[in-house]
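The first chain written gets the first letter, and so on, giving A, B, C and D; residue counts start at 1 in each chain.
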C-alpha cells in the first residue's frame, strides 16, 4: 500500500498557506456578497503567520499543529475554532506516524471533520465549509486501490461540494437569514475548504512513495 | 426734484427677496469656494421669510423694518447683524417720509452703511460686502441732477465694487486666513449686496414720479 | 480610502493600545494578552466578574464599556471577527474575583464557538462560567426563532444591567438572570444608508445605491430585510420604531429605555432628528420613555446608518440602569 | 445624499426638539425661544450663569454641553451659522441667577457680532455680561495674531473649566478669568480627509481629492494651511501633534489634558490609532498627560477628519476638570 512520509511534509501546509494568501481578495469578495467580507483577510492572516513558523523539516503533523495553534490563539472569528479544530484533530491523528497511507489519510480527515462538527453544528446543505468537507471525507473513506487516484477523488469531491453551495440557501452563520438572497453565490468557507483539501491531496500525491 | 413714494414701495423689498431666493445656490457656491458655503441658504431663508410678511401696501420703510427684524431675530449668522443693521438704519431714516428724493436716498444708504460698520468693522479692500456698499454710497452722495441716472450710478458702483473683490485677498471673516488662495473668486457678501442695491435702485427708478 | 491607517493588519492592536493609553485611569491591558482589556480594579474580590468580547470595528463597543460598574474584562477580536477562545479565557481569568464569571456576548457563530471553548478551558481552571447570548436584532430571524437573532446595541443595556447587578454583590446566577432579563426585554433594528470598508480589503463590503436604504441591516453589513428608496427621516424613524415595537408588543404604560446609535458616519444631529420621531412613535403606543441615549454607542466602522433599541423596564432594571458606572463610553467622562 | 432628512430647512428645529426630548432629565427648551436650550436647574440662584452658543452641525457641540456643572443655557444657530443676537440674549436671561453671566463662545464673525449685540441688550436688562472668545485653532492665524484664530474643540475645556468654576460659587470675573485661562492654555489643530454637505445646499461644501488631506482645516471646512498626500495615521498624528506643540511651547513636566475629536464620519477606532501616536509625541516633549478624551466631541456634520486639542493644566484646572458634570455629551450618561 502506498503512502507518504509524515516527516518533511509540513511544506504541504506552507503551500496551502500560499494558495490562501493568494486568494485573500477572492475569498473576502465571496464572503462580502452574503457575509461580512472578512473571510480572506482572516484566513490569510492566520495561514500566512503559521507558514512563517513552519520549518523546512517540519512533519505534516507538526505543521498542522502549528497552524491550529495560530488559528485558535491568534485569529479567532469562526475560522479560528473551525479550522483550528480541523487541523488539531488531524495533527493528533498522525503525530506519531512515520508514514501516512490511504487508511490513515481517511482517518485523519474523519477526525478533522469530527473536530469541526464538535464546535460548529452545520450539516451538509447548510451552505458552509461542511459541504466541501463531508463529501471529501466520504470519498476518502470510499477508498481506492491506487492512493493517487484516491487523493484526486478527495480533492474533486471537495470541489464538487464547494460548487454545490452555489445553488444553496444558507441555513447557518451570517448569511442564513438572507433566505433566497443567499442563493447564487459560492460559500466562502466551502471555497477555502476546497482549496485546503486540494492542496493537501496534491501535496500528498506529489510525495507518494510508490 | 424727482422722488418716489414711500407708501406701497415695500414691494421693492419683495422683488429683492425674489432675486436673492433665485440666487440661493449661486450665492452658496461662491461662499463655498472660500467660506463655508451657506451664504445663499441663510440669505434666502431670511429674505424669503420676510417677503411673506410684507403686505401689498407696505411702505418701503415698513418693509425694510420687517426684513431687518427677520434677519436679526431669526437668521443670525453674520448676515443677521450686518444686513439687519443695514435695513434697520435705512428704515429708520425714511420711516416718517412720504417720498424719497435723491438726497434722502443718499442719506438712507449712508445710514445703512454706518449700521453695517457699527457691527462689522470691515473696510474697503477687505473683500466683504463693504466693497460693494461703500462705492454705492459714494455714488449716491456724489449726486446727479437726474435721479434715474443717479440710481443707475449707484447700482453700477455696487456692481463694479462687487467685481473688484474678485482680485482681492480676503482680510476679514472666514476666508481671511486663506491669503493668496482667496484671490480669484468674488466675495459672497459683496455679490448679494450688489444684488440688493441693484434691486433697490431699479425698484426706485421704476417708481420715480417724474 | 480616506482613512487614518498605518498597516491595516495592525489596526486592532493600535486601537487597543491607544484606548488603554487614553483611559489608563479606568482600564489596563492584560499583561500577557494584548487582546484583553480589563477594568483597573478587576478582579474585584467577591464580586461576580463580567466579561464580554467581540470583533473590533464597533467602537466604542466592546472595549469602551470596560470599567467600574459595567464590564470587568473584554476580549478583543480582529475587525468584525470574534476574539479567540484564548482571549475569552484570559478575560474570564482577569475578571474572576472568586465568585464566578458571567460572559455577556452577542449571538454570532464565531463568538458562540469561541466562548464555548473558553468556558471549557475556564472550567478546567475551576472558574464557574455562565453565559448570556444577546439576540435583540428583530430583523435577523422571526420571533419564533429568537435564538437565531443577532446581538446588536441591546448588548449595552445587557452589560449595564448585568454589571450593576454584579456590583451589588449578587450571585453569578442572579447576575446571569438579570442580564438575560435585560436582553430579553430588548428589541433592536438597524438601517443602513452607506457601506463600510475593512481596511485590509480596501473596498466597501457591500453596496447601497444612492437614494436607497437597507432596513434590517446587521452590524457588519449583513444584508437587511429590504432595500427600498430612502425615505424622509420621519419615515425611516417611524418604520424602525414600528419594526421594534411590533415585535416587542409591550403593554401600554410600560416604561422603556431607548438607545439610538449611529453606525459611524451619521452626523449626530440626524440621530436626534430620528429620535424625535421615534420617541413620538414609542409614546404613541402608550409606552413611557424613562431614559434615552443618543450617540455613537455601537458602530460599524464608517457605515452610514443608525440603530434603535428599546428595552422594557421594571423597577429593578430602572434601579440598575441608574447605578453609577465609569467606563470610557458610558458614565463619567 | 445618504442622510436622514426631512425638509432641510427644519433640521435644526428637529435636532433641538429631539435633543431636549431625549435628555429631558437634564435640559429643557426655552419657553419662548426654540433656539435656546437651558439646563434643567438654570438659572441657579447666586451662581454665575454660563452661556454658550454657535452654529448647528457640530453636535454634540454646542447643546450637548448644557447641563449641571457646565453650561446653563445655549443659543442654537442655523447649520454653521451663528445664533441670533436675540437667542444669545434669551440664553443670557435664562442663565442669569443674579450674579452675572459669562458668555463663552468661539471666534467667528457672526458670533462676535451677535454676542456683542446680545450683551448690549442684556445690559439694558441689567444683567452683567462678561465674555470669553475661544481662539485655540493654531492653523487659523500666526501666534502674533492669536485674536484672529478660530475657536474649535478647546471650547469644550473652556466650558468645563468655566462651568466648574461657576459651580464653586466664584464671581463673574473669577469665572471669566478661569475660562480665559483655560482657552489661553489650549491649542488645537484639525485635519480633513473628506468634506461635508449642508443639506440645503445638497453638494459638498468643498472637495478633498481621494488620497489627499487638508491640514489645518476649520470646523466648517474653512480651508487649511496645506493640502498634501494623505500620510499614514502615524504621520498625520505626528504632524498634528507637532503643529499644536510647536505653537504651545510648554515647558517639560507640564501636565496636559488631551482631547481627540472625530469630525463626524471617522471610525472611532481610528481616533484611538491617532491618539496612540499623538500621546507618544506629547510625552516625547516631556509633557505629562493627566487626562484624555477620545470621541466625537465636536463635529462638522459628516466630515471625515479629526482634531487634536492640548490644554496645559495647573492645580486649579486639574481640580475643575475633575469636578462633577452632568450634561448629555460629557459626564454621567
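The rule we apply is simple: a contact is a pair of C-beta atoms (placed from the backbone, for glycine too) under 8 Å apart; a residue touches a chain by one contact, two chains touch by 3 or more.
These numbers come from a predicted model, not from an experiment.
Shared contact partners of subunit B and subunit D, listed by label: none present.
Between the CA-based centres of subunit C and subunit D the separation comes to 28 Å, rounded to the whole angstrom. Distance from the subunit A centre to the subunit C centre is 33 Å, each centre being the mean of its Cα atoms. Each chain gets one centre point, the mean of its Cα atoms, and the points for subunit A and subunit D are 54 Å apart. Centre to centre, using the average C-alpha position, subunit A and subunit B are separated by 76 Å. If touching chains are joined by edges, the resulting network of the protein chains shown is an open path. Listed by label, the pairs of touching chains are A-C, B-D, C-D.
Across the complex, subunit D meets subunit C through its residues 2-6, 11-12, 14-19, 21-23, 25, 56-57, 59-60, 193-194, 196, 208, 210, 213, 230, 232-234, 236-237, 258, 260, 264-277, 279, 291-296, 299, 301-302, 304, 306, 324-325, 328, 330-333.
Across the complex, subunit A is touched by residues 9, 55, 77-87, 108-110, 113-114, 116-117, 139-141, 148, 198, 200-201, 205-206, 218, 220-223 of subunit C. Taken together, the subunit A residues at the contact with subunit C in this complex read 25, 28, 32-38, 40-42, 45, 72-82, 119-120, 172-178, 181.
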